[in-house]
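Below is one structure. I have some questions about it.
A, B, C, D and E are the chain letters, set down in written order, and residue numbers restart from 1 in every chain.
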Amino acid sequence: MPWMLPTIMKNLFSRPVTRRYPYVKRPPFPEARGKLHFDTEKCNLCGACSRICPANAIIVDKEGRTIKYNPFACIYCGNCVEGCPKKAITMDILYSPPAIQKEEEVITFPPSTK
Amino acid sequence: MNWIARSRAKSPWLLHYDCGSCNGCDIEILACLTPLYDIERFGIVNMGNPKHADILLVTGPANHPNYRVLKNLYEQMPEPKVVVVVGSCGCTGGVFHNCPNILGGIDKVIPVDVYVPGCAAKPEAIIDGVVLALEKLKNGK
Amino acid sequence: MAIIFIAAIVVTPFIGGLLRGIDRKLTAHMQGRIGPPIQQPFYDIIKLFSKSQIITTRSPLLLVYGYLLFIVAAVVLFALKQDLLMLILVLGVADVLLVMGSFSTRSPYSQIGSNRELLQMFSYEPILILASIAIYMETGSFLISRIQQPLLPTLWPVYLALLIALIILMRKSPFDISASEHAHQEIVRGIFTEYSGLYLGLIELAHWYELVLVLAVISLLWTAGVWPGILLALFSWFIVLIIDNINARLTWSWMIRTSWVAGIGLSILNIIGLRLFGG
Amino acid sequence: MTASLIGIAILFPFAAGFVCLTLKNHKARAGVVFLSAIVLIATSILFFSQGTFPLGYTPSHEWDMAIFVLDYLLMAYFLYLGLNDFFRNGIKIRNVSTIGLVLVQAISLALFEFSWAPELPITVEPALFIDHLSLIMCLIICIIGSLICIYGIKYMQDHEKHLGLEKTKQNWFFFYMVMFLGAMNGIVFANNILWLYFFWEVTTLCCYALIRHDETPEAIESGFRALWMNLIGGVGFVVAIILAFNSYGTLSLITLISNPTPFLLLPLAFLFLAALTKSAQVPFQGWLLGAMVAPVPVSALLHSSTMVKAGVYLAVRIAPAFWGTSLSAMIAVFGGFTFMAAAILAISQSEAKRVLAYSTISNLGLIILCAGINTPLAITAAIMLIIFHAISKGLLFLCVGNIEHNIWSKNIEDMQGLVRRLPLITGITIAGMISMLLAPFGVLISKWAAIEAAGASASLLSPLILLFLVIGSAATTVFWVKWIGRFLSEVPSTEGLKMEPFSPLYHTPVMLLIGGAVVLSILIAPVYNWLVSPAVGTFYLTTVSTQSWFFRSAIGCFVAWPLFIVLAAALVVPSLFVKTKPERIRAAYMCGENVEYDTPQFRSVADDKFELQLGGVYLEEDLGEKKLDKWFKVIALIILLVLFVVVLV
Amino acid sequence: MARTVIPFGPQHPVFPEPIQLKLECEDERIVGVVPVIGYISRGIEKAAELNPFRNNIFLCERVCGICSFMHALCYCQGIEDMMKVEVPSRARFLRVFWAELSRMHSHLLWLGLLADSFGFESLFMQVWRAREIILDISEMTSGHRIIQSTNVIGGVRRDIDEEMAQKVEEMLAQFKELADRSILPTILNDPTIKERTVGKGILTKEQAELLAAVGPTLRGSGVASDMRMTEYAAYKEIGFEPIVETAGDSYARTLVRVKEIYQSLDIILKALSMMPEGDIAVRVTGRPEGEVVSRVEQPRGELIYYVKGNGTANLERLKIGTPTFANIPSLLVMLPGCELADVPVITLSIDPCIACCER
């Protein structure tokens, strides 16, 4: 009964601890795992990321020279980042935003120069 | 009318249903209620009862034993109502995409208005998602 | 008289809504949160009024109007300074109609909630009636208009008992038994579970009236001028908020025990005291 | 004119009863019952509109002689009943106590009349005395009692059909039913206490016979219980007669009441004992609960207009005589305790008629409490309670009887969702309960007056009385509302309500009664002015005024009719514009596992469908009869003991 | 006597997860309980046979998001056992670090839910506010707030450097201060909390052993049993004593968990200070073959992974034995006879987690 009293009184007379998101945004931790970026320069469309993705979120189309990445399936584990032989995938510290439509990202590669 | 739209946007009440999630997103939803995120700032209250709710927050993928319950809850919510799916597995099946008991994303069962990706979705992302949903609510859907 | 009549009907819900808003704000602050804006209850109620209506059965809907109307009637009776005991009985009518309404659907949680609401009435009604009798013994009349002296010095045990009733009526911990205001407990929203939209809004509106009314009754205990009375009421209200935040919610049997032993006990002792030494 | 009306009111039912007994033809009997009902109703109304009150009337002395003889015949019959049972079934509490009590009564009465009394039979001028209180009782008996008899015509047909009886026993049934009314009129008119005593014993006889009507072992047992418990009251009566005559030399009730002296307290206490056995106060509630085995019209009659009302009538009648004494305060405590105890016990009951019975006991306790408080406001409350309780309780019994004949059960649990199955009768029942329970109906106005009177009572015991009063009235709300809740608990459905077929003999009496309850509650001011105020005014200064139809006492004011407007608005307005379109109907919330929206089923173990069951709350463990009954009886006995001690000291 | 039979769940505000209790009551006294489970069964064990064995780490983490780290740990330890991999000792210490961090956040989460279940909202808020500090530590060190995703077969994926360790210690001190000031005294002393928990849902020592309860449910009944006593990861070096209470009621279980929060705090600090330098992972090649049983102590009790490999990239069988599944029978002993209002409290007192119970 009275044991909670000091706490609530202290709370009542001090500033709330609430983070005022979305008006004030806290910078994410440097280690935070967010959405993926594919570097079309480095990637050679080997497909390793697709094979090791536990969520089946990456589809590499070697012929069509596209990578389809589905942020709504991705579990942000970073397995692909670590597994990519070319280090072509980087992970943002910002999470991918909510959306009204779930659209896959299609990353198109310039035609092969070989 | 303006008043109504405004009030709708200012007073969204939640119903949360866990359809087969791993708990990760559920506890992040609960975390949104707590002092650090405090979504009651936006008038959001977690109601726990479909008849009082405006927003249905669903976590987890749709699975066979559970989709019927989800449907029932959705039907018991009065209009206007919106559905927000939280978490990658609810959006598409995510990491559970090849589990035998899974139907797939929640949109296989009920119409979904907002998708919040992430595994687990961060509280910030959930707030963003709800804010998106409010736009829909405002217009009476 | 007509002015008082209309003012009571129109102004009361605004005060009630505002109090609810401040209530939520203060509660949030006590928990270290920012909380909703103070006008939040008004947003809520407008939203509820604008929702589409879904219905289980018809009778609860009819009875909700009765609940609201009788509470408004009680408020008017207060504003016109009528008989206090009658006012309490009229309040009882309102509550009975609410309970009947939520009994009207075969729904597990609203039934359990209604049963508990009955037990709540079982707990607080005696306190209110005894309070009105104690006030009578001091003033010589049940009419509110006859209260002229400050009553708190002789009626403080009754005041303490009324605080218990106030907790129950405001549906706050530890006696938030029938509706579980925070909705995360065993009976969902209890008695309110099956109401939605407009009807839930009407109930909320009635609740605002009821809140103001009960506070007004408490303010009677100090009628050496209006302001001290109002301060007393607000003070009591604030005490209830604090009690709400430092207690777990208890069970109905505990509620009945406390309200009977403490609430009825204090009131009866007070009445015995008045009978023996004064009045 | 008045003389013949009195004659009709008392004698006609006896005559009609004998005619019923001889008639074997159902139609003819129904005709007689119907006719006597009309005659009685007409008589009482004529009486009310014609007479000037109070009035005394003394019929010729042959009647004194007749009653003198009949008295002993009656006792002989009781003795025969006891002995008969003794020889058939051996020693049992029931026959031993019957025999013992009859003998005590007969011997002491004989000793008194044959050796001490100066003349034989003792006559009193006037033998009959009729004031407004008697008149109110007469109206209740004749109107409500008659309606119940009419209802009984069809009820007993169905009842016997259900039992599969070959030979009808209805002639006996109506013999006692109709005679009962005459005896009751006798009680309320009598001024000679010996007459009063005779009619008192006749009601005991009727009550006994009607309870054992079905002749099941349980019925016989209950009949005997009613008999011997009421004989205790009879003994009380005889003692009171002897004591009163010894100290006053007269047996005129009115003389005694209008000249109270301290010596009077003891006979009054004994009269009160008779009153409280008759009105089944704790600890004597057993017989009334047992009486529930009787057919419904019997219960309705016992509870509303006859029998138990005789008890409270007597208590209210003699109240002026003990005004301001310690006896008065103790009576208030006693009544208050019964009010509370019975209301609490009613919570744990699941059988409809038992709930009604406890409610009756409780309300009678309240009336006795008012008689004990004994201020004009309290007596007003008592008389209004007698009126409104009679109407509502008679109504409720008839309703339950009707329901029983539709669902063949008296268990409240089986009445779940009955509004959908039998909307008409259920609606009336609920209205009847509301008239017992909610402001601004008459019962509640009376209760309001009772509480204010108790608050204003100067007695040192008043805090105790108040305690009983508030707890009792809170408990009353609980048991009524949870029962109403049972009725209302229905499953969502898109279909509209379908009324059950209208059955004139069943539905007319209940409709008349509910109409009466509502109209009289609305017209509380004129009812008060025409009936209650003069009745109170015979012995008290009235303090209630009905300015602008508000019910106003010196210390408070009840504004009834505006509340009726609110009630009407609350019922009528929304029902005009609340529309339930089928597409809006949803299932009740069952955690998402509803099977269909219109069945009370949910999915559970192994995906099977399970019936949702919602039992009522009975708090059996905390407030059950098993736990509390003993203690309540003990406490009540102690109070009674203290009461007598107080009187003797 | 009138009987009430109602569904309690799957969607019920008391349970964050879907489970149904079919309750039978008389008045409000519970006379029968049948639990209905299976609402969130996804078929993870089957899916684990379809995935490459390394990917299963991520799947196993999502058996449940609360003690996800333990699942990954248990799985990795199993595979490592099977493949005879020697895990570097720094990695073992880091595993202890995250494991105990999970335990803290799990217990705090549970404590908040318990407070909410008996309507003590302000306590719920305080607890979860304190919990955010733990989550921040988690995000700072692993990149995820609740699913740390730091285990790999052969070690861990993230390291904690000096600076970060410093920061962690600061934040833990902050947490301790908050907990000491506002949470602990309330839980230890508040009479209303005791009213709601003491003597509710008693599980005797004999019953607990007979029904094979695990974790705090078992320890609350006086049995000193904790998988950490088997000294996996770095518990051997750090040292470990299980926390035991003897009353066997809901309050005892609460106390066990509250004390474990403090114990975990100590273990984390010890792990940070004792952590040896070195690699955080070894490279593992080859494919698992054979079968193994791996056990770790989750916040809720003993977690068992049975892994069977057949020399291919896919496992032949993965079987998960979870603590809640083991604790449900004890629940069925505790519930009958209690009040309806106690159902949430007692149910939560075993800290039910349906996600991993049903997988």
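Note that contacts are C-beta pairs under 8 Å (C-beta built on N, C-alpha and C of every residue); 3 or more make two chains touch, one makes a residue touch a chain.
Remember, predicted model here, so these are calculated numbers, not experimental data.
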Taking contact as defined at the start, I'd like the list of chains shared as neighbours by subunit B and subunit E. A, C, D
Could you compare the number of C-beta pairs in contact for C-E with that for C-D and name the larger? C-D
From the centre of subunit C, which other chain's Cα mean sits the farthest off? A
Of all chains present, which has the mean Cα position farthest from that of subunit B? D
Take the average of all CA coordinates in subunit B, do the same for subunit D, and state the distance between these two points in whole angstrom. 59
At what distance in angstrom does the C-alpha mean of subunit D lie from that of subunit A? 79
How many angstrom between the C-alpha centroids of subunit C and subunit B? 34
Measuring centre to centre with CA averages, how many angstrom lie between subunit A and subunit B? 20
Using the touch definition from the top, which residues of subunit A touch two or more other chains? 1, 3-4, 8, 16-18, 20, 54-55, 75-77
Residue ranges of subunit C touching at least 2 other chains are 28, 30-35, 52-54, 108-109, 115, 183-184, 188, 193-194, 245-247, 253
Which residue numbers or ranges of subunit E touch two or more of the other chains? 4, 6-8, 10-13, 28, 51, 58-59, 62, 120, 122-123, 125-126, 129, 144, 190, 192
Touching pairs of chains in this structure are A-B, A-C, A-E, B-C, B-D, B-E, C-D, C-E, D-E
Which bits of subunit B are touching subunit A when the two form their complex? 35-38, 41, 84, 88-89, 91-95, 97-98, 105, 113-119, 121-125, 127-129, 131-132, 136
In their shared complex, at which residues does subunit D touch subunit C? 416-417, 419, 437-439, 444, 447-448, 451-452, 454-456, 460, 462-463, 466-467, 469-471, 473-475, 477-478, 481-482, 484-486, 488-493, 555-559, 562-563, 566-567, 569-571, 573-575, 578, 580, 584-590, 600, 612, 614, 616-617, 622
Footprint of subunit E on subunit D - complex, ascending: 350, 413, 590-593, 602-605, 610-621
Would you pull the subunit A residues touching subunit E in the complex into a rising list? 1, 3-4, 6-8, 17, 29, 31-33, 51-55, 75-79, 82
Inside the complex, what are the residues of subunit A that reach subunit B? 16-22, 25, 54-56, 70-77, 95-102
